[in-house]
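Chain nomenclature is as follows: A, B and C, assigned in order of appearance, with residue numbering initiated at 1 for each chain independently.
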């Protein structure tokens, strides 16, 4: 069986769903970052797949952008996370409610 | 000649401003003397103008400056001296000069002396504007100006609750009529394109009769307020709260006759609408009787005279309504003299009696107040219309007019009223000056007024006696401007029967009044006598319950309605709606703020939910747009 | 300098206010007076330089702001706006000069100077966006004045004032954007210039919607019944100076905008809505006068009387003829002077007794005769006595509207009765009778500083009542231009007949009129 575009898209969707559930359900900030990574990478997969399918490099370029941004985001995010952990000794989401309206 | 016009007009203003300079300082005689002197100047100027107008038949018309001009509207400050206005000017300046001089004595002990003269002269100025203006707007200036001064002067003793109440009543009631007047002025403007008397009256004959009728009615409503005609009459009796010189000048001789002046001035209009004229005449006759009946029993000296003024105004309207404008004006003039005299005499009595107003508590004053007694008696004789005093000529003429014009009901009402007039006038004279000296019971020591006050009154006395002699020369003069109808009863026999009959009736009434009220056993009524408990007496003493009705059903209702508007509608409905709308937003915020719990995972959930919602909306709209044709077919299939 | 006088008038007070932050606290008062006096002198100069025979805009200035969308800084003045600008600078001047002992005088004066900028800006702006900017900016200083110096309920009052008027003006902004869009559709280019809009004839259905959008913004500002409830709170809580400026100038923005926008832009809609608006105006006149009668607080009486008189202004505006519109503009000035003075007077007694309840007074004429005299004069002016300033405006407004409807004018004319009722009874309660409260026995009469504000107002009241020509003549010229423009633009037959045809051609109408769609 030839692995076609649809397979990639299905994979991407499944990954996206996993990421989404992770984003919604996880309470640990670190896990949340992982989930975000999964979300981003699921999109990357579809970008690359579709780019290949159309023979247009723009999609792959975009995927690289996403990777770069994800990397910087993780770098900043993890930095903040460590500061938070140092200060509060946990990284539980439920404790972060200074923005409570 | 313009110099005389301006002098006559502006001297009172100068006098008023002069007195106003001393407004805040303690009493100075000069604040009374200067305005009085200036009024004398004004009177002399008016006299010069009278001689001019009478002698040459010329009229004077000046335009001082523009007042309002916009669009097609052009209103100048214009003044005219013609046969009608010069009559009024003479009456106004003469009576006010007398009253001013008199008031120097009368207000001698009042600490508002300076203020009083300022107001009084301001009144004369407004009155002069009223009678001299050459257009309706100028008339309205004077109209409101005298209203203001009347308000100030009725409420002159403002520490008295009743005085300031009466002042407000007078002002507001006049305002009701002024609205009618204003509407009348609007009607004149939009139909004739001008407010100048001359041009406006020239256009009127070509106008539609219905419009003219409305014009006449609305202008007359204005006149009804100033001249206190039924149903706007209650303020006049209450206005007696003011100092007596004020009552003499404003509420007897001048301001209240402004309504009559208006009708006379607008005679070209009222000539075109005789049915309105008839209504005016009927109302006048009714008021004459109505007011006279209330004067019969009243126990307040000044109120009796006030009702008599009201009654005489009714006579004037009856004449003016029947088209006898010159007769109305003539009666206005004669009435001004003897009524002012009567009031000033009453002022003397009041002073003597320490502001006691109930004639039943007086009696026998003729011994101590000879001068006043003489003057008031002659004024009453003139009022009753006995030959050869002023009242005979003017009042009899009105009766003749009614007779000649075949309005026999009006005639008989007026005739009957003449008898009543004689009765209540002499009831007053008898109670005050004759009979037992009842005042002794109250420990009062009456004294005659200052000499100069009596001297000041003497011109009025003279005119009250001889004014009738000017009838024909007066007729010659005003007939150049007013319809020159002479009223002669067709047969000499009828004329003599009427005249002598009237005289006899009046004399009988006087005799009856004397007989009834000079008797020894007159006592201060205490509400126990049979007469006082009769229905008719109660009706009359309570002024037909009209003030009561106004107070209970109009004033109170207005106040309560205002209260409801404020507390119920403004606060509970209008404002509550606004606050309600604001509350909806506020509550929505309050309820939805739980979303912003600050918990990141909850917020992420909301974010996802929002994204999903937006995406599905996008899909739905996309599909709907794509299949819009099919949907429309489907919907029309369903019959939507 | 004369070429830029309007910009100077607008921005000079703002600049001075900025500088005011560095002025020392003790010299702030004289600094403020000096600035306001210069501003007033400038506005007088504007009047002298103004050519009252020209009906169009004068002293126009134009600077491009966003050329792509046709947004320009355009200012200009004509007979309609001239006197309101002068009045604004006048009130700022006497307001600052007579400012009583208040906390934080420095900030108060700075706020007032900013307010003066926004007021001058609103009345001079000839570009819808610039107009809108100043219109909204004017809320800020007033919000601050009420919120910082107000009475106990000041926060509620100021927020209500701000949000209510702001909500209305947002609808107006939408209307403006639509108007510009229609202009774009018709001509292919964007413009927010009011004079450009004047040349656009819109179909009646569009006019109706836009009229309603503008109406909401204006009506809340006026404030028309039933949008008036913010006003009593604002007046009740505001300090004296706030009430004075609010009543004298800020309310006029609404009525001015009716004449500047609604009438010439939407003549057919104006005729279409004439009767409903007249009915609202009459309700305003009678209803609020009765509410005023029920008040126990003298300041609320004056506040509601203010609303009642604004009803007459609205009525005059919608008379749609020269007499009525001139009258309503004149009445705006008159109402500014008189109600401003009345609020000053209420402030005088409030400073002495720290209460505004009429039941606390009584017999004041004995102890404060000068105060009673000036109050009496202003009361009579408010009641509309001839030879005072108010009468001219009221007379002309009612006269004008009489042409449109007899019965409604008769109803509106009750203004002179109901006005007399609440004013006289309030005056009686405060000044007549005997003194019952001991606190009132030794009240000092008006002092020099208070007279500084009251005497000029009294003089204007009488002067313009006797000789309104210098003002009325100038107003008249510009109003004639507006009316003839409306007549020319009107589409429907009824509008053509309702709006009188004035033969003389004016600058505004010489430009070709373009048809939308």
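Couple of notes before you dig in:
To be clear about the criterion, a residue touches a chain if its C-beta (ideal position, glycine included) is under 8 Å from a C-beta of that chain, and two chains touch if they have at least 3 such contacts.
These numbers come from a predicted model, not from an experiment.
Of all chains, the one whose mean C-alpha position sits at the greatest distance from that of subunit A is B.
Relative to the centroid of every protein C-alpha atom shown, the closest chain centre, again from C-alpha atoms, is found for C. Each chain gets a centre from the mean of its Cα atoms; for subunit A and subunit B, those two points are 92 Å apart.
One finds 60 Å separating the Cα centroids of subunit A and subunit C. Subunit C has its Cα centroid 36 Å from the Cα centroid of subunit B.
Only residues 160, 163-164, 225-230, 287, 290-291, 293-295, 321-323, 326-327, 363, 365-366, 369-370, 373, 380, 385-387, 391-392, 395-396, 398-399, 402-403, 406, 409-410, 413-414, 416-417, 420-421, 424-425, 428, 431-434, 466-469, 472-473, 475-476, 479-480 of subunit C touch subunit B when the two sit together in their complex. Residues of subunit A touching subunit B in their complex: 20, 23-27, 29, 32, 93-94, 96-101.
Residue ranges of subunit B in contact with subunit C, taken from their complex: 23-24, 65-73, 137, 140-141, 144-145, 148, 151, 155, 158-159, 161, 164-165, 168, 171-172, 175-176, 178-179, 182-183, 185-187, 189-190, 558-559, 561-563, 565-567, 569-570, 574-575, 577-578, 582. On subunit B, the positions that touch subunit A within their shared complex are 593, 595-601, 604-605, 608.
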